[in-house]
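After this come two complexes, each holding subunit A, first together with subunit B and then together with subunit C.
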Partner chain A sequence: MSLDYLIVVLVTISIYAILVVSLNIVVGYAGQPNLAQGAFLGIGAYFAAVLSVRYGWSFWWTIPAAVGAAGVAGFVLGAISLRLREDFLAVTTIGLNFVVVAIFQYVPFFGGAVGVYAIPLPSIGDHQFGNADFLAVGLGMLAVVVGISWYLERTWFGAALLAIKDDETAAAATGIPVAPYKIGAFVLSSALAGLAGALYAPFISAVTPTSFGFSESVVILAMLMFGGLGVIGGAIAGAVVLGALPEVFRFISDYRLLAFGSILVFMLRFQPQGLFGEHSAVLATIGRVVPRRLGRRDAGSGPGRGPASDGPA
Partner chain B sequence: MEVFASSAVQGIVQGSLYALIALGPSLTYGLLRILDVANAAGLTLGAYVGLEAYSATGQWWLALIAGAMAGAVLGWLIQRLLYRPILGRGPIVPLIAGIGVFIAAEEAFRLVFGPYNRTFAATLPLPALQVAGTQVTGVETLILLIGVTVFPATWWLLRRTSLGLAWRATSQDRETAQAMGINIGRVIASIFVIGYALAAVGGVLVGVTYNTVYPTMGDIPAYKMLAIIVLGGLGNPLGTILAAMLIGLVETFVVAYFGFVLPRDAIAFIALILILLVRPRGLLPGDEVVQ
Partner chain C sequence: MALLEIDALVVRFGGLTALDGIDLTVEAGEFVSIIGPNGAGKTTLFNVIAGAQPPSRGQVRFDGRSIRGFGTTRMSYLGVSRTFQVARPFRSLSVRENVRLGAAGRQTLASARTLAPRRRATDMTRRVDELLALTDLERKADHKAAELNIGELRRLELARALAAEPRLLLLDEPAAGIGADGMRPLARLIAGSREHGLTVLLVEHHVGFALSLCDRAVVLDAGRVIADGPPDAVRTDPLVVNAYLGRAASAQAQVARAAAAPGSVAT
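Now for the complex of A and B:
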């Protein structure tokens, strides 16, 4: 594996990590099902692509446009989420993928079935972007998204989202403005997915309608579940492990999807909380090995995980 | 008028197929509150096993039975090994686990049966009918027959059998039902066996209707049946059948009268989202009917 190829893989993983960490805001904190993150990535990527190819916008100006467009779409889904609960919302978000893909395909502004191609490389001054520059920008964007999530966890808004997740009615009864907060979570989450889209478009250099369908959304949510719902570190771990998987299994390329599906199933069957979720085996193991550091986080002392959970105090 | 009649017949054929495929996930949802995407793997498995059985024996009814049995076995395995251990884990874990099974199963089909399209040229000894000036093939007649009987059969299953009673009790309150002596494990197993067998029969019929069987043939049914069971009102199988017919008719009429303005599958979901915004719990919400 050449260094350049390794960098390409790392850029892909960092794009996934941005998507998963931002999805975590809606699914992990606010507890709303969302299987449309791939569609928001697509909206961001399409706006970035169209604006730079057809209107000659520079990469740096397409970023706020992509973020804004995806955020507006997130507002629409947030408004829908006020009316629909749980599984009805889950299936509606699935449907949203197909509607968005159909719009990309049939609205001439988005280039129809061929999509938009020959997206120019970004540049700083006279320096055109290489893969290493994409990686630097990707990691920078990821740092921003992680920073936002980290900060969110420490704000009243973040705490209110957790309350909405636990019990919406009770949250409303304690004076939390449920409707604007839910919409806010959707807007923030999808706007950050649009940020990933702004990087995706020039990196891949072409966008086509079918790149952003339901299967992409499934992969993103699967990464979050795999890593651990509601945990920033878990979200990143899920993106890294499942994102690297196709490369790790390249030598058995025929069985790649089989391996992907099986690993996902085994994880959710035997560790439904994911790698780094509450009371996960990984945390319990770390807690045993480094008890002092994680001791105060009460690693795995809750119910259900058996003898491993007690740990040496 | 001719376009109307043929669209109506085709829409009902399509709707009957949808009903057959969506009944399993609908019964499962009512019972466990799980959106079971893996059910579509039963459809593909049924189509392949049915095709193998038909190639070996040349008997169409053997193809249907073999497909149904394969589906039943798969359904039993999936509930026992996958869903039952993760029942208390909220809705998203089983949904993603089911999607994982579905992805892995499609790859397994591709590796076992080959990546190419295989033809399924079975002729059924049923008369090709003339309905309102439109030709209806033998297999379409069979599908129509199933479509006509599926509604009363489901009603009978839910209202007149002890399994139906157990299903209704469990869907209202699993723990109370268990406390009243209902063997939940057996109810779940029976529902999965029935649901996957129905999907497998649907798979054989889809294969014969379009004369093709391929590894990813379950893709479109997998998510479209979700739209149908949500539209019908989650947890209400009779609503599911109604919604299946509605989606089948809407798709066929939109395509017949407006051409391919949008892909057929987007039409189903746009209809779904619009109807849900008016009726957020579907056409016939489950608990209204159960009580």
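Now for the complex of A and C:
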């Protein structure tokens, strides 16, 4: 494995890590299902691609545009989410992928099936970006996204999102404005996915509609579910492990969707909070082996999360 | 002016009339227990007052204003706090964070302050600590709410509701699921919450518990008020005895039997 190849893999992983950490805001904190992160990546990437190829915008200016465009789309999804129960919301977010892909495919402005190509390399002064520069920018963006998430966890807004995840009715009764908070989570999460898109477009140098559909969203959610819902470190771990997997074991890349789909199903069945999330089997095992008590007691002393949260009217 | 005025309130769910013309006035500082058999409409009445259930007909005024179209968040800002029949804590937050969210209120949650670090809000630390002490949850303050037992969850809900410094506190069966020995401290706690002129509405299944706490009792049956007065008068009201207490007495006997047998707790 040459160094340059390694760097390419690391850039890909950092793009995924941005997507997973930002998806965690909606799914892990606010508890809203979202299978559309790939579509928000696509919106960001297309905006960056079109603005730089057709309008000659510099890479640095396409970043806020991509973030803004994906954020607006996130606002729309957030507004829709208010009217839907969780299971219907999940289906709706799946549908959003197909809507976005169809728009890219059939609106001539976006280049149809071939998409937008020959996206110029970003540059600083006279220096054109090489892969190492992409890696530096990717890690910088990841640091920003992690910083935002880390800060969010410490704000009232962050605590209120967890409260909404736990119990919307109680959250509203406690004075949390549920609707604007949910929309806020969707906007932030998708805007940061747009950030990843702004990097993706010049790095791959072409965007095609099929690069961003449902399957990409499944991959991103699988990474989050694998690593750990609601935990920044877990989200990054998921992106690193599952992002590196197809590179390390070539044959997996042919069965990528099968692998990621299975991971999603198995995680939901056996470790719904992810490997490093709450009730983590990994951490519990470490806690048992290492004398320090890392694992959390998970035997059901509390009422658990049974279906009993809705009292009779 | 009365704090809460309910006027010919009707709530229908399809063909079912849950509340059928309720008139009720509650003065500031009163402690009113609302009792009645299952399905009498007690929780529905609470849901209306808390802004969770729009009335089909009739009017509810809180502090002189009609609450039509106000949701639960808005009612909480106006000073209505509630606990739930089945405890609804924020399980992934610590006990302290639960209470702090209750204390945050409009000036934090409905403003840019929501984007500030919670640690900065030292102004509410003392109040939260006091409430944790009052509800005997200090030792559990940094545990996740998911780890509490049912009695602790009840107290946590009460602490979270009180943290908002409400003007009207709605307690929906706070003793549900708590054994007899848990009731006395809870009763003390609820009685204590009346300091500072707090107005309390209590829905309760355990009639004795409810009547011992209140200074006025309202009895609902099939969506109507069938009695309203001092607890002693209500206890002996023949209409109430017929409609409710007879059934309740036998129900309580059942509960007592169930309590004698280990492992079964009626809620």
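The working rule: the second predicted complex is superposed on the first by the 262 of 313 C-alpha atoms of A that agree within 3 Å, B and C clash if a C-alpha of one lies under 4 Å from a C-alpha of the other, contacts with A are read in each partner's own complex, and residues count from 1 in each chain.
Methods note: a contact is a pair of C-beta atoms (placed from the backbone, for glycine too) under 8 Å apart; a residue touches a chain by one contact, two chains touch by 3 or more.
Not measured: the values here are computed from a predicted model.
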Touched partner set for A:125, first subunit B, second subunit C, both or neither: neither
Partner chain(s) touched by A:159 [first = subunit B, second = subunit C, both, neither]: second
Contacts of A:56 with subunit B and subunit C, given as first, second, both or neither: neither
Contacts of A:268 with subunit B and subunit C, given as first, second, both or neither: first
Touched partner set for A:108, first subunit B, second subunit C, both or neither: neither
Contacts of A:230 with subunit B and subunit C, given as first, second, both or neither: second
Partner chain(s) touched by A:172 [first = subunit B, second = subunit C, both, neither]: second
Footprint overlap on subunit A, where subunit B in one structure and subunit C in the other make contact: none
Subunit A residues touching subunit C - in the complex, by the definition given at the top: 151, 154-157, 159-160, 162-163, 165-167, 169-178, 230, 278, 297, 301-303, 305, 308-313
Subunit A-touching residues of subunit C, taken from the complex the two chains share: 13, 18, 43-44, 47, 50, 52, 71-73, 76-77, 81-82, 84-93, 97, 100-102, 104-106, 108-110, 113-119, 121, 145-150, 153, 160, 164, 172
Contact set on subunit B toward subunit A in their complex: 29, 33, 35, 81-82, 85-86, 89, 91-97, 99-108, 111, 223, 226-227, 230, 234, 261-263, 265-266, 269-270, 272-273, 276-277, 280-282
Complex contact set, residues of subunit A against subunit B: 27, 33, 80, 83-88, 90-92, 94-96, 98-99, 101-102, 105-106, 214, 218, 221-222, 225, 229, 254-255, 257-258, 260-262, 264-265, 268-269, 272
